[in-house]
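Below: a set of structures, written as structure tokens.
Paired with subunit B in one complex and with subunit C in the other, subunit A is shared by the two complexes that follow.
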Partner chain A sequence: MTTSDTRRDYLQNQKSSGRKLLGVFPAQFPRELLWAFNILPVEIWDPPVEIAQANAHLQPYICSIVRGGLELILQGKSSLVDGYLFPHTCDSLQNLASIVNDHLDTGKPCFFFYHPKAVDGQPAREFYRNQLTQLIDRLEQHFGSINIERLQECIQTSRRLYSQLNELFNLRKQGLLQITNSDFYATLRRSEFLWPTDYISELELLLTQKCVKPLPSRAVVLSGILPNPPEILSLLDQHKIRIAADDLLNGQRRMTFLPTNANDPLEAITDAYFAQPPCSTKDSAIAERLKHLQKLTVDSKSKGVIFNIIKFCEPELFDLPQLRAGLRSTGIPSLVIETEINQVLSGQIVTRLEAFLEMIGD
Partner chain B sequence: MSLTGQLRYHFMKDIGAPALMGLQNITKKKRIRKPDPLFAPPLECTARLKEIMTRHYYLARFVPGAKPVAWVTSGAPVELLRSFGFYTIYPENHGSLVGAKKQGANMCAIAEGAGYSPDLCSYARIDLAHTLSGKTPAGRLPKPDILFAANNICQTIVYWFKAIAHHYDIPLILLDTPFNYSAINDGDIKYMVAQLQEMIPVLEQAAKKKFNYAEFQEIIGRARDTSLAWSDVLATMKNRPAPMTIFETFFHLAPIVSLRGLPVTYDYYQILLEELQQRVRQGIGAVTNERKRLMWDNIAIWYKVRDHSVQFAEQGMNFVTATYTNAWAETTVYMDVNNPFESMAKTYSLVILNNNLDYRLRLMERLIKEYQVDGLVIHSARSCKPYSVGQYDIKRKLRERLGIPAVVIDGDITDARAYSEEQTRTRLEAFFETMGD
Partner chain C sequence: MPNDYFAGIDVGSLSTEAVIVDSNKHLLSYSIVNTGINSSAAAEEALSEALQKAELPRNRIAKIIATGYGRAAVGAAHKRMTEITCHAAGAQQLFPEVRTVIDIGGQDSKVIHIGQDGQLVDFAMNDKCAAGTGRFLEIMAKRLEVKLEKLGDLALLAEKAVSISNTCTVFAESEVVSLVAQNHPIDEIIRGLHVAIVNRIWNQVQTVGVHGQVALTGGVALNRGVVNLLEEKLEQTLEIYSEPQIVGALGAAILASK
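Let's look at the complex of A and B:
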């Protein structure tokens, strides 16, 4: 496997090797469980499709992630997958799951995963565990029995993978990784469809880019859902700005927490979920998110925070004013840009970004 | 709670408010309404409804210091709060009131000025605007001591209440109701029951009052009876002609949303029911020439209720049912005084918006048949994604299964800037044509 392989070729090869594929919508799901079933989760965030048919099902005020995911299904471009998994992320994704399951005749099974919201403590933990068991039961109906020893191995693989990711993020934070924002996030995002051992190989390759002396670059924190459109990353590269830490839903919010060494594999996965950083899609309190963002900024010596918001994304939009006010009160400047996932950056956004980068200075 | 505060509140409740309202009734110029040939005379108990709601908002001014105050979401299990004596304010009800007074856009603009996106729910923007500026056409709302929410109606409400909790630095108590992609299961119920039970010590502390199980059971029983009465009220509209329009029920809904579990609400629906049954016996229809019967889907377009009411009545069309008004009647059957926690978990998690679209389709099919509906009007509300996403598919399926004509109106619940008069008129004209004779 080389990084030049296309996603589709790779998936085709995986399928030919006997592996099952599951199309997974954003964002939080127990990937180790799927691996244990020899299922490759293929995440559907921003498929490069032109929206046409989805408009017959969705109103214009629904975000481009939901619209793009549905379009992918309607155009038959997800024919390789053996089913879909819908984590419960927001109102729009919740109803998208129901449209696909109840109203579209895809001929593929749909699976659901509800993770607890804004609550912790024992009931939430027990519920999360129960959700894992229910997902296993449903997967077993379609893909055969789960092997617990295999699940233990997958958890160990997951620990290796997340350890490497943590190391990479640490190097990024310190400016000790000789790689652009564009290349770094391009590699990270390959976790969305690579088998974990293949992904680990790519991360090992990335770790060889480690340098001894910090590279001269100014740092920022990037917050939001995705590092999209990719032009944002290239623009930051052009201005020699390093994303030293991120608060992205498909980035550090869900990538850096290792399953624990608990004997019970489901307990280990549960531990990892509850150790994750605060997130709007889990209804985390704004004070918690603010504290987390302040810590990310200070620890990474960043000059400010860029909120890259996908249009119509309610979980993110609601938190913004108070997060920005809180950052401002501690002297951390921030910028909000609102984008569509596959849209070219407008001149106006480029100008605003450049003005912000100039403002945060050296 | 202070003694002075309590004395002041009870004085206003027992003497001040009744005296003030009596005085208002005496001094208010009696408008002599010209009979409208499109409609039956207004329901007599509407005056009582206004009195109940005005009194509720008026007394809210005197609550601080007298009673603990909770801001509550429309789908939250308020029965639990009632047993602790909380004075409850419903920001959604406040939002609808602002919308009906055509103040929604102005209030939303205040929130937008503070950085809240115009793409966010307009109820939320109104509430945030009130929180930030203190402005409201409802007089003055008391500052909350706690926020009490359930995500059975949407996830949005939690994002919104999180912002209010952060602003006031107060606790947000959430009942997390797992979405029913398929049938509810024991694990979900167990999770909700555990959450409800964990709330008790938190509420005891906030209200400085011990939980009384017997009192709680009594409240559950009253809430169930009230909900059954509301269900009976709606059922009168199965008659031809229907004694009320759905636009009227949008307003008569206020007590079951905001004052659920209180005796005044139960009593009110008994009066309303009696008046409606009298109309049925006399063959009085709310729309004088009820030619076609319609169903409304989604929350009302509050600033257009009167206009729509006239527009449809002119065509001899009456709305006789709505998925929205039905929401406070549909799960009553689960309320059980002998098993209050589990029954609350079921009652609140099985509501329409916490269910999959297939459930909603079947519910709508049932209502269409029971209420002999000829056509469907779907409000695609920008503010309400869980209600709106999936409507296009439901429209298509209902047409396929029942041959029922339907029209989609794009708009918003309170923000008139998202409503196009011209586009709506064109769509409705086409719909009226389709409905024909």
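Let's look at the complex of A and C:
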């Protein structure tokens, strides 16, 4: 059975049990709210589809995440979901949202989530809270009223889930988890479609892989959107290189910040969003991102940073030259590779990666 | 008798080289063969030829490092390293003052910044496409019915360069066809092609920066047109070994001897 089969079976079961499914595009959204509606968010990052029809709707310089997402819908392979949620991540995803909402007759509701780009100051917090309220209103129109007690419970579940993830990231940082890069990120990515309590059980299991003595391996930081294509991870595994910390949009940039214990559930969720590290898709200042990357590298005793850039990902490409120059000035080597999410690594990329590993030495 | 000889084998996309050095890193012999479709056979052939020239039996080689895009196919190798590290090591051995190495081969071009002890500091490498590589020049030479060895000299003889707007090899090829049809002098088209490839390399150079003296390695270093135009851009003379194609294999052999 392939992973996509098991994923589909799981989703089918969830649906049969009475849950609604929402196809969610990258990257930031208030999971707890959806859970409280008994909605399972099914994230759409890198669906395994051959891109054909989507090309007719998109310019050639659009990234493969948007291309793959649209293709999935066009091929009718997202029939299980009861609607779509488009967070406001970047212009390309915004564009996708309007193609799907305005021009494709999917027969399913589309929801939008405009999280603020500027992340400091009271107005930004108010804006965010306001977006949460609006999303609740829209969801209520389709899925019935939200139950506040349930929301409180979901926030507690979320706190457990993210605490466990934090502990795992922490162990990875110290080399105290007996697991390959490939297996670790495969598990991390199961959060994209598992119901939180099911996911917590998997994380608990993973936590038993804890070891006492640090494993001998050199460490790097991986930055970018996704840990794709997965061959990057296996290549690092082959060379005994551990990703000791990541700055991935679908990793530590969004997966380590738990809601607080604030009495007001919306306040608790807002706190989590505003505690997140800087990100290109939030228009964070480059200086902030640089400081964050330097800290990740030093704290995890990593030897360098690998920027894995999805081709045509404008937000990431924009920050890159300055980030690299900044890292270089503090003696942190970095490498840039440009990849497509579902393509095998070219010989050149393998050579670049291996040369970088030779460069950072034993 | 101690096994005190070391070999480097560079399986490139077009040519495969083997180099044998002694424990003092002195070059004993080398060979250059076509890679063809069978990388491991090419590696074997190159190694046998180099051994023969050095008059050494196989069992005197203590360690072999394979490099180049076909490095994985070299069964005899004790270790595999990228051509980036190996070209750096080879250039460092030949020209100790060099801090920047530009390797232009058949399908790849690389710019490498090396530190004082020969360690890699930074590098840039082209993407999949053949623009800015030796293959580009080969395709154009064929299209224009000019011998590859003559291409660079013809570029230097031209009074001016016809501008080539496409960097993509496939598009540039059809552009060349139409330029010929429009009666542009062949040597000016050829010079234009050299300008295009050097511009492409120059972009790569700039991402790494020019540090200290610069060496040019790989088969394209045999093309005087590219050398000349690149030197104009750099405003300095390039260090070029008499057999620029073997620098990667030499580096591999040196690293094997360490």
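The rule we apply is simple: the second predicted complex is superposed on the first by the 356 of 362 C-alpha atoms of A that agree within 3 Å, B and C clash if a C-alpha of one lies under 4 Å from a C-alpha of the other, contacts with A are read in each partner's own complex, and residues count from 1 in each chain.
Throughout what follows, a residue touches a chain if its C-beta (ideal position, glycine included) is under 8 Å from a C-beta of that chain, and two chains touch if they have at least 3 such contacts.
Here the structure is a predicted model, which means the values were calculated and not measured.
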Partner chain(s) touched by A:Gly361 [first = subunit B, second = subunit C, both, neither]: second
Partner chain in contact with A:Pro333 - subunit B first, subunit C second, else both or neither: second
Which partner, subunit B or subunit C, touches more subunit A residues: B
Which superposed partner A:Leu165 touches (first subunit B, second subunit C, both, neither): neither
Subunit B versus subunit C as contact partner of A:Leu296, first or second or both or neither: neither
Which superposed partner A:Leu222 touches (first subunit B, second subunit C, both, neither): neither
A:Leu11 touches, of subunit B and subunit C: first, second, both or neither? neither
Touched partner set for A:Ser346, first subunit B, second subunit C, both or neither: second
Touching both subunit B and subunit C, residues of subunit A: 338
Complex contacts: residues of subunit B adjacent to subunit A: 114-117, 119-121, 124, 151, 154-156, 158-160, 162-163, 165-167, 172, 174, 176, 178-179, 181, 185, 187-188, 190-191, 194-195, 198, 356-358, 361, 380, 382, 385-386, 388-393, 397, 410
Interfacial residue positions of subunit A with respect to subunit C in the complex: 328, 333, 338, 346-348, 351-352, 354-355, 358-359, 361
Interfacial residue positions of subunit C with respect to subunit A in the complex: 69, 81-85, 108, 119-123, 125-128
Interface residues, subunit A side, partner subunit B - complex: 56-59, 61-62, 66, 86, 88, 90-92, 94-99, 101-103, 112, 114, 116-119, 121-124, 126-127, 130-131, 134, 280, 283, 285-287, 311-312, 314-315, 317-322, 324, 338
